[in-house]
Amino acid sequence: MRMKTLLAGSVLMGLAASFAAPAVAEDSVYIQLPTYRTGPYAGSGIHIANGMSDYLAMINERDGGVNGVKIAFDECETGYDTQKGVECYEQAKAKNTLVFNPWSTGITLQVIPKSSVDKIPVLSMAYGLSAAADGNTFPWVFNPPDTYWDGLSAIIKYIGEQEGGMEGLKGKKIGYIFLDAGYGREPIPLLDNLAQKYGFEVLQYPVPGKEMQNQASQWLSIRRDRPDYVVMWGWGAMNPTAIKEAVKNRFDMSKFIGVWWAGGDEDARAGGTGAKGYKSVSFNNVGADYPALQDIKKLVVDAGKSHTPASTIGENLYNRGVVNALYMVEGIRTAQEMTGKKVINAEDMRLGLENLKIDEARLEAIGLKGMIAPIEITCANHSGHHPLFIQEWDGEKWTSATDWFSPLTEEVTPILMQASKDYATSNAPWPTRDDACPAN
Amino acid sequence: MNVLVKPTGMQADGETAPGEVLLRIDSVSLSFGGVRAITNISFDIIKGEVRAIIGPNGAGKTSMLNVINGFYHPQEGTITWRGKVRRKMKPYEAASHGIARTFQNVALFKGMTTLDNIMTGRGLKMHSGFLWQCLRVGPALREEIEHRRKVEEIIDFLEIQAIRKTPVGRLPYGLQKRVELARALAMEPELLLLDEPMAGMNLEEKEDMSRFILDVNQQFGTTIALIEHDMGVVMDLSDRVVVLDYGRKIADGPPEEVQANQDVIDAYLGVSH
Amino acid sequence: MDMLYNILIDPFVQMVDAPDFLIQVVWEGFVAGVLYALIALGFVLIYKASGVFNFAQGIMVVFAGLSLVGLHQKGVPAWLALILAIGIMAILAVCIEKFVMRPLVGQPDIILLMATIGMTYFLIGLGEVIFGGEPKQMITSELGLPTGSTAFEMGERGLVILQHIDIAAAVIALLMVGGLAVFFNRTRIGRALRAVADDHTAALSVGISLNQIWAIVWFAAGIVALATGIMWGARSDVSFALEIVALKALPVLILGGFTSIPGAIIGGLIIGIGEKVGEIYWGGLVGGGIESWLAYVIALVFLLFRPQGLFGEKIIERI
Amino acid sequence: MFYREAGQYKTTYAADQQIFPIRQDRIGIGVILVLALLLPLVASEFMLSAIAIPFLILALATIGLNILTGYAGQLSLGTGAFMGVGAYSCYKLVTIFPEVNVIVHILLSGVFAAAAGVVFGLPSLRIKGLYLAVTTLAAQFFLEWCFIRISWLYNYNASGAIEVPGREFFGTLITGPAAGGTTRYYVVLAIVVVMTLLIKNLIRGRIGRQWMMIRDMDIAAELMGVRPLVAKLSAFAVSSYVCGVAGAMFVFFYLGASEPAVFSITLSFQVLFMAIIGGLGSLVGSFFGAAFIWILPILLRVGLPALGVDIAAETVFQVAQMVIGALIIFFLIVEPHGLARLWAIGKEKLRVWPFPYA
């Protein structure tokens, strides 16, 4: 009995302690990383989580933090579940996180309205709500380097080039296989627009979330309809299953292009040798030869401070996790420079992200030159329509199939601004930005 | 026992006068996919009497009760209730016509208390609307209290005050049978069907139960049809007896007469057919 | 009118137009059906012997597959991993019997159902703690299972592709059903099993050890789960997402009846083929993706006309 | 000792039939209500927004399921979908009639859920037990599919999600991101308490008894004049109504935005667990169950690292899941009738204390 009381008492005390804001040491800032190392999307989530936390740990180890300010971080497991995500958000809010990276479109949609009230910037790197790129309407949300619409337009542009110019798209059939959720449905309006403009036909193949591993029907339909290209918007267990099915149905893999989230190494590997030629659009290069990644290997992974298998460093999703952490770190740095404070808060962080500029020189200094294209976020544009490239699976690893090229920004911008306006009207009264962005 | 008991106390609003035929069964046959349960049986039940249905196991007695309260639908024959031929109907309609019953294996609502179980018998007589019941004011509350009073009368009558708030699942078998009777009485039926009301009881409990059945019949004037195996009980309680065997009627009449009937003796002693 | 044409005529025109494609669709449905049937088979085994509706069968499939692959990843050779995985299923069976079934004997169905859902939660957590949450590739070739495919040409453009692993799945399913039938009908334990299924108390009174029987049944279900895990894992991946697909076994059981082994197989095939054909030829009319509920609706419609299932006897209500 | 009804005489049936006939119970519930009212004074924003509000809403959903499964005996695995119907109807109502008070919309949205419940409840007239569970699964998956596929439901929003606009109630913002945790908490508390009371009344009246008759012995119930059609469908309707209101509240007062995946089978199971662990056929049990299933994992997830146990976030998550699974089995073994029964036994023991029997 006494044991029980004792245990209960200590649990309660611990709880009380954890609900209170953590006693942040003088020279550290706190970031919560919502991750998912469990559940159906863990296959993708684990690598991202590893990349993010390893990079932050490396910055702490190598540089002693950002300008001497250590980054205290911990993970909050969401299991890709919206309920848990909201719980993580509330927890992060209570612990004064600098920034929130939902890593799920569903959770992003949940926290977007809250973020402006709670004054916590949401960094949804190349996912979430595309319209959030409009910084005038969404001052607290950032989705660099590109939105889904940018991604889709880049893929269409690439297909056009394969067909000898955008006119070549006329009369083509493009299949769109997607996770039947907000994530997969978001690109459809733009796809329809482009189809009308360039005269190609779109065939939709929705994959219900429950049936991710059971895609026989979708691929049979694809076989029947014989689309010229298939574009995939998949995540988690959907990707390897789709690639396997494509191989099985003898679909020409060079005509099968995924969004960046359908570009995991394990996704492609699942298809065996048959997956050779599979493509995905990307905003980061693979490989572990970058100095920063070598530092991670030396200071974090080899030092036993991480559970990351050394072999996965340099894989696509791992590097992408690193990019996400890079944005955060550079955001902190920019905020420090702008405010003159060392220990910044979430509002400062928003300022930092809004003025984030990582050019070639900066990348060189960080030790990631060549891994990503230089990026710049502005007050009005929180995404940036940055250049992308197409990568190709050579049977063992990803290789670049194209150079960096810009998405069809002129196609994307109007629909993006319209969506942002719609969002604000349908959620009226949507808070307006107190400091309007300068008109370029 | 006089057939022409003057009804006192609660009286069903039937237009059938005591001594007239309340229910008539005419050449009823029932089968389940080829298996004959009841073959061409006719008999009647007179208002105010205690009618016993007896017979060896498997004679079709319970099936007969099920036919009477509309749970089974006979393939042939007619049932006349209060002078009108009854059409095929749902069991719950029989209840609203004033037929209540108890069951061979106690069929109480195990999750409820004695009080609630008996209150269920009042269900057909309660009419307050959904919203009133949510709020439990006005007609809903008045109704609950008014019917509670009736239920308490029955509880007093059957001497089960002490177990009022006990969940019926915890009661001993004998008391459960009594609660079941109380529940049936709460419906204020015109015809009460009792399916082996004394099965599995010891002598004392049987005596109690017999007393209650007689009291019900005499005080409330309720017509009773009962199935029972204990011949002593049957002979003492009933005004008339119908005997079934293998789904056929083999005798019908006052207890003494039936007792002397050779077919009945054969059936019970198991003479081969 | 167009609508009617699209529903009533067009799909059949398509079927006749491209018979090779129809064959392929039916074949895919057949293979999916075999896998549904295997999951349902696990349910049936346990339901027959203990009256428990084992919701955890889906997670047992995942758990078995994970153990096999996880052990192999840790450096255990494939054949040894297979044996060890069987061993793990045996241990699991004994544990379930001892810690879940035995203390809950005689409880209402819904309580037992809940207990198996509790087990599902527990096993998901346990599996992830031990083997990690990421999907794993099935070690198909290491286990000596065929991996290639054979294509049959039909007519000018017609093509039917049969995966060898799918053929193997069908054969293995067949062997398992045969084996189980023999086990149930020809062995002493099988007889005891049937006795237990009919009446627990009566079986106890003639000296049958319930505990032993239950452990054996759960073990058998575990083996079926392992086979299912291997087959399904080879088709997609071994991951926890599979657990949800396993819910499809429910409509299968509704069709086939909870206690019938042939019912499970036939139900599985009806559902598997039905939903593929439905999705491909009619799904497009409502935007596709109907596979997520079609199976349940098939089962529901079926139930309305035949509440006792395909092989059940007509229920006579008694009081 | 202190919990004894000796000396408390009831002189009217009304007094005997009140919800808490024992004085100590009345005092107890009063104290709990006062504490609930005072909670925002001491609780942090996290406790209100992430624990108290969802707990109350899920308790209401559990009550909804309990009406169907606990009181009327019809097993349902479709709770999540019925909650979704409520949430989506509420969203549509709020966007179509923005000038009407949002509380009215929330209460109305349950009507649509009730309609869906009745439609999917129809098979219950022929189908029973586990077979019925499959029917409700069909409802679950079909409705989930509708939430994704019918874009009218989310106003053709490209993201496929619904967002809660800010709405006021007598001048105070109660929904939307800008509504404070305390305000939302009080609104939720008020709705949940009032609905619980109404349902309690319903259950102890004629309609509630009809449901229990069907649950305990459907044939006997029918022979006593209960129309199965009316009793079962009314249970489906009321249950779905309550679930629908809970679903609307879940989105409007807790999540703030929602996508179809929120109302998946996982939510159905979550609520079913709450009902079972709490105790089928018990309203107080619904609260116990919701507390157990909702709060315990949070305690584990937040508490274990706080205790200084240094494990990775996902391991905590997984261990929490294992613990929940094990506890479900444990409780089923110890007391299959749930926490409510344990509670009742405790009270009974206390009444006869210090003697073991009354």
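The letters A, B, C and D name the chains in turn, as written, and every chain counts its residues from 1.
Here is the rule we use: a residue touches a chain if its C-beta (ideal position, glycine included) is under 8 Å from a C-beta of that chain, and two chains touch if they have at least 3 such contacts.
Note that the structure is predicted; figures quoted are calculated from it, not measured.
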Both-way neighbours, i.e. chains that touch chain C and touch chain A = D
Where the centre of all protein Cα atoms falls, which chain's Cα centre is nearest to that point?
-> D
Hey, which pair has more contacts between C-betas, B-D or A-D?
-> A-D
Compare the CA centroid of chain B with every other chain's and tell me the farthest one.
-> A
Could you put a whole-Å number on the gap between the CA centroids of chain A and chain B?
-> 73
Approximate Å spacing (C-alpha centroids) for the pair chain B, chain C | 49
Could you please state the distance in Å, as a whole number, between where the Cα atoms of chain B are centred and where those of chain D are centred?
-> 41
In whole angstrom, what separates the CA-based centres of chain A and chain D?
-> 36
For chain C, residues that touch 2 or more chains besides their own | 128, 133, 244, 247, 287, 289, 292, 319
Would you mind listing the residues of chain D that make contact with two or more other chains?
-> 141, 145, 148, 219-220, 223, 265, 314, 318
Which chain B residues sit where two or more other chains touch them?
-> 71, 103, 107
Contact set on chain C toward chain A in their complex | 18, 21, 24-25, 28-29, 31-32, 128, 132-135, 137, 149, 151, 161, 163, 232, 235-237, 239-242, 244-245, 247, 275-276, 279-280, 283-284, 287-289, 291-292
What residues on chain B touch chain D, complex-wise?
-> 69, 71, 90-92, 94-96, 100-101, 103, 107-112, 116, 119-121, 123-124, 126, 128, 130, 133-136, 140-141, 143-145, 148-149, 152, 183, 187
State the interface residues of chain C toward chain D in the complex, per the touch definition above.
-> 53, 99-100, 103-104, 107-111, 113-115, 117-126, 128-129, 133, 244, 247, 250-251, 254, 258, 286-287, 289-290, 292-293, 296-297, 299-300, 303-304, 307, 317, 319
Going by the contact rule at the top, pick out the chain D residues touching chain A in the complex.
-> 44-47, 49-50, 54, 95, 141, 145, 148, 155, 157-161, 163-166, 176-178, 254-262, 264-267, 298-299, 301-303, 305-308, 312-314, 316-318
Flag every residue of chain A that touches chain C in the complex, lowest number first.
-> 36-40, 42-43, 46, 180, 204-208, 210-218, 220-221, 223-224, 236-237, 240-241, 244, 248-250, 266, 269-270
